[in-house]
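Think of it as A, B, C and D in the order they're written, each chain with its own count starting at 1.
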């Protein structure tokens, strides 16, 4: 894209900032390239470069955001695209390009801001790691690729960045590749996401085949614009699905792979083998959000042809999957003991919320939860990281306790994040975003089941978070050596994130739905009549009650009593069966092990058998025939050929000896040979050029 | 008389000088002498260049002259480096006789 | 009349030449010029020896030579006769041919230098387009003669002296050349008469000599230092320092060959001063516009003699340097400063008229001089002497 | 004042030879019919120097002989109206290269004779090859030179022209040569530097 800037033709509409938008991803990628060339001991320059480049991107993103904001304030539809042909084959051309619209702008700011905070945090967290520079190289490569995903206006470009993101996630999960578990987790993540990406690629190809363009928005002829969509809608893909719907589902498969939706979520918990900043950055804030963002980006495609009930098949599927994932993951989270695993599962369930929000309430609802979640989940992961750091790499919450005394800052910030995640009323952003989703689900007129599922998920969320916090910060210290508070460079980002975890909610309240207005491009009036919608008040009350219920239950069970590490969990005593099931992640991995993997193993055995017996047999027969032929030849050789051949060989070797003698190591001999060569050459030339 | 034209005369002198230099470079045992021979060859080339410049069609273009001047400069560099090498070789293998130095023998 | 007096030598030569057939005239003129040079400068040399000895005598608070002739003016004649009738010793193991050639090469090459020096209006033997280059080419050739002398006489002191001399000459020749280049940059020509002509203008009564510009002054100082070293004069006379190597490369020379060396050195001194005069002191041009009546050659030789006197003065005053100090001085102070001066000259050339360039160039040069001087003083290489050669 | 073209002037200074404005041989040379005797003198001088430099036994003698050859070449350049090149030749070769060679000889104890002769055992081969090279070159010259047009008139090229060409059309080669010289100087210093000095 950078190299191609020669073939780069900015549109007339594109403003200066839109024209240089490509710098936002380009700079971190460039930085990672430079860092890759650095030597291991050059720690400080590497970190400085990474952070500097990302803050540059943040600056540009803020400028872009301001630009879009200004346009929105003048109630103009801001969507600027810069497209150029990468290369042509035949009559079709492969176009790349980038777009600047409210969605991209908000996402840009979020990604680069959270990313920057996490970079800073990693300076402290990775301080003792010897592969510091490699870490920052991967990190900035990831940041760049993610930003590329955000701004890309061509689905091909998006897919490229998407794959780079997958690659970096693989590299970062396997960062401590000497740990076999980490290596395995990395492989798992890579393969699982590839599984989704295959469908995604199919969707891309199909889309390209149908619409003939790769661009999303291209002045009315892009694939997400009226003409192409109408065309897609008329095409039929069988099963009573329109092409648009089918493509949407394929793309959703890719998104599900990336952001751990139900069938493909298995890699996300294992991904916690990576360093904690990675877990925070990739598997909470940004990368997993890429799937959600993808759906938001292609939302017109999903939405087109919405029936009387205001939904399409694709969206319905998304909604169900999301809701299911939300509850499913929340259930598992209840029974985990690894502090990061709990957060991982909560991430999965929150992603489910986002998907459901997208499907039920539209782009704004889902994206709002994405943004708020990015902040408070990053905060929670950083807190967890700080706890792990402080407890000397201990991750089992049963071996902690009473940390509120040892690590006060971590405790406060973590509590804020936890409350935000639970959706504690009024003061925390999670409340407003989750409430939006619940409201949307409640007003969904296909079925009420998703609403109840999501509500139950909210209850579980509050419960397991309380459990975790009780284990970690209350009770008495159950570890061996005493914990210590983390350095300031780790605390600071947490404080900042905590602030946003609380404040961000205010831009999406029903009273002032600024966020939704911004995304949907209409004005945002400020009035408390927003609350006056029928049922909204009740709904808010209900969800608050649910949250309080969850918190209360959690406190009642785990409160301040903090059992011994060995003694079984409270719930385990009451319902061992369920507990065991939850504890073992509802046997999903085992299920895959028993079905998919078993099938592959069986197929491998079959192939092996085929190889050995069938093909092998044929090969053997052929070989035998050739062996026969060879024997015959050998006879010929030994009789006739060899004699002369051996003679030749001897002559050759003796000649080699002669040649070797030429290499006498005496300069003058070489000079002599040179002179002779010159003579011959000159003679030849002269002779040939004789008049 | 040699060469009906002056140019031929100069070229022949240059050729002879070149041959002499080559002979020196090929037959002497001391590295420094070899370098001297090489210098002689370079000078013969310079003589050719100047002669062609003088008797060529476009002397005002100065090409041959420039070529000669540059080659003089380069020859100076070459001499400096070559003699430095000879000295360092002498330091290592206490001799400057080329046929005693055959460490690169294949 | 003044013009005639100015051109008297030219007229004389033409008058002598017109006896010959026209075909041979130009050649004859040249030959006459050569004869003139060959006669005048040795005479000057003879005079100078007396002056030097008497001057040194004064400086060292004693009478110089005062027996032979009035005020010992005929001393050089006596010395010359002595040198001629003295036995000419060639060491047994010496390399006779080279030993014989060395002084000749020296004297010849030094004489060649005079061919391009303008000694007065129109008084230049060969007005060559690239005279300066010719001069330096000839100067380069003298080093070889020194080496020949030192090597051929098979004497360790001679060899050491020769190597020192060659090393020193090469190091300072670079400086000599560069300081001359600054003049070439301004005057835009390599022909010495043209350089003199470019200085031969006056604003009011004041001449436009290059020494009266910041870069010119700096270049002149560097040139003087380098010239002193080039001619092996004190304080740079290590190659023949009696106290350490008996008499350097001409230890083994006696009689007339030694006299030739002696002559060669003084001639070198003259030609260096002559070149310095030509480059920086306006050659044969008068110091004030109202003095132009006085013949140009008087001015030239006057300036040369003044600089000769300065040479003698320095010899009487300054102590001798040490080899490593000499080299350090050459490569770590003089050369860098000269290079800087080249830059300043370019600045001068491109800043155009006006007082600004005066201020800028002066400031730069003074600052550089101060900084380099401090560095030089702070360097602690005033320790035990160490030689790179003769190990 | 008689203003000679530099060539003849310097020639006169170098060996006070006879030269005139209209000297039959010179005119003949001008329209390129035959070569001036000075050419023969110089050629013989140069070749003799070269021959001596490669045949003499004593290294220092070789150095001196090669000096003669260089000087002869410089004079040949002057003969070819290439003043600048000629003086540059003297300045660089006699002033620098020969001195370098001499230093190298003394530093490598080259001044004392080796026991077994100065020529390598296989000298006849070298001689043969050199002769062959000369044969080919001479053949080439004699074959091709008739084709080359003869430029009789003396090219009027001043040092100013050369300077302008150097900083104008040939400025890039000039820069490159400058770079090369710098690199070569540093390289030579480092190569020839004492290990002691390097470690210090």
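The criterion applied here is as follows: contacts are C-beta pairs under 8 Å (C-beta built on N, C-alpha and C of every residue); 3 or more make two chains touch, one makes a residue touch a chain.
Every value quoted in this text rests on a predicted model; they were computed, and no experiment measured them.
Asks: What chains do chain A and chain B have as common neighbours?
Replies: Touches both chain A and chain B: D.
Asks: Counting C-beta pairs in contact, which two chains come out on top?
Replies: Answer by contact count: the chains B-D.
Asks: Find the most central chain, measuring centrality by the gap between its CA centroid and the centroid of all protein CA atoms shown.
Replies: The chain sitting closest to the overall C-alpha centre is B.
Asks: Roughly how many whole angstrom separate the Cα centroids of chain C and chain D?
Replies: 27
Asks: What whole-Å value do you get for the distance between chain A and chain C if each is reduced to the mean of its CA atoms?
Replies: 81
Asks: How many angstrom between the C-alpha centroids of chain D and chain A?
Replies: Centre-to-centre distance between chain A and chain D: 73 Å.
Asks: What whole-number Å value describes the gap between the mean CA coordinates of chain B and chain C?
Replies: Chain B and chain C have C-alpha centres separated by 34 Å.
Asks: Enumerate the residues of chain C that touch no fewer than two other chains.
Replies: As it turns out, chain C has no residue touching two or more other chains.
Asks: Please list all residues of chain A that touch 2 or more other chains.
Replies: 668, 672, 675
Asks: Two or more other chains in contact with one residue: find those residues in chain B.
Replies: Within chain B, residues 22, 25-26, 98-99 contact more than one other chain.
Asks: Looking at which chains touch which, would you call it a line, ring, star, complete or other?
Replies: other
Asks: Write out all the pairs of touching chains, ordered by chain label.
Replies: Contacting pairs: A-B, A-D, B-D, C-D.
Asks: Touching chain D in the complex: which residues of chain C?
Replies: 10, 23-27, 29-31, 34, 98, 112, 115, 122, 124-130, 133-134, 136-141, 143-144, 147-148, 151, 159, 163, 166, 170, 173, 188-191, 389
Asks: Help me check something: in the complex, which residues belonging to chain B touch chain D?
Replies: For chain B paired with chain D, touching residues are 1, 3, 5-13, 15-30, 32-33, 35-37, 39-40, 43, 46-47, 50-57, 59-60, 62, 65-66, 68-70, 72-81, 83-88, 90, 96-99.
Asks: Where on chain D does chain B make contact in their complex?
Replies: 29, 32, 34-35, 39, 43, 46-47, 50-51, 53-55, 59, 62-63, 66, 69-70, 73, 76-77, 80-82, 84-85, 88-89, 92-93, 96-97, 100-101, 103-105, 107-110, 114, 117-121, 123, 125-127, 129-131, 133-134, 137-138, 141-142, 145, 148-151, 155, 157, 161-162, 165-166, 170, 173-174, 177, 180-181, 183-185, 187-189, 191-192
Asks: Flag every residue of chain D that touches chain C in the complex, lowest number first.
Replies: The contact residues of chain D facing chain C are 1-4, 6, 9-10, 12-14, 16-23, 60-61, 64, 67, 74, 83-84, 87-88, 90-91, 94-96, 98-99, 102-103, 106-107, 111, 158-160.
Asks: Tell me, which parts of chain D touch chain A in their complex?
Replies: Touch list, chain D to chain A: 120, 122, 125-126, 129-130, 132-133, 136-137, 139-140, 143.
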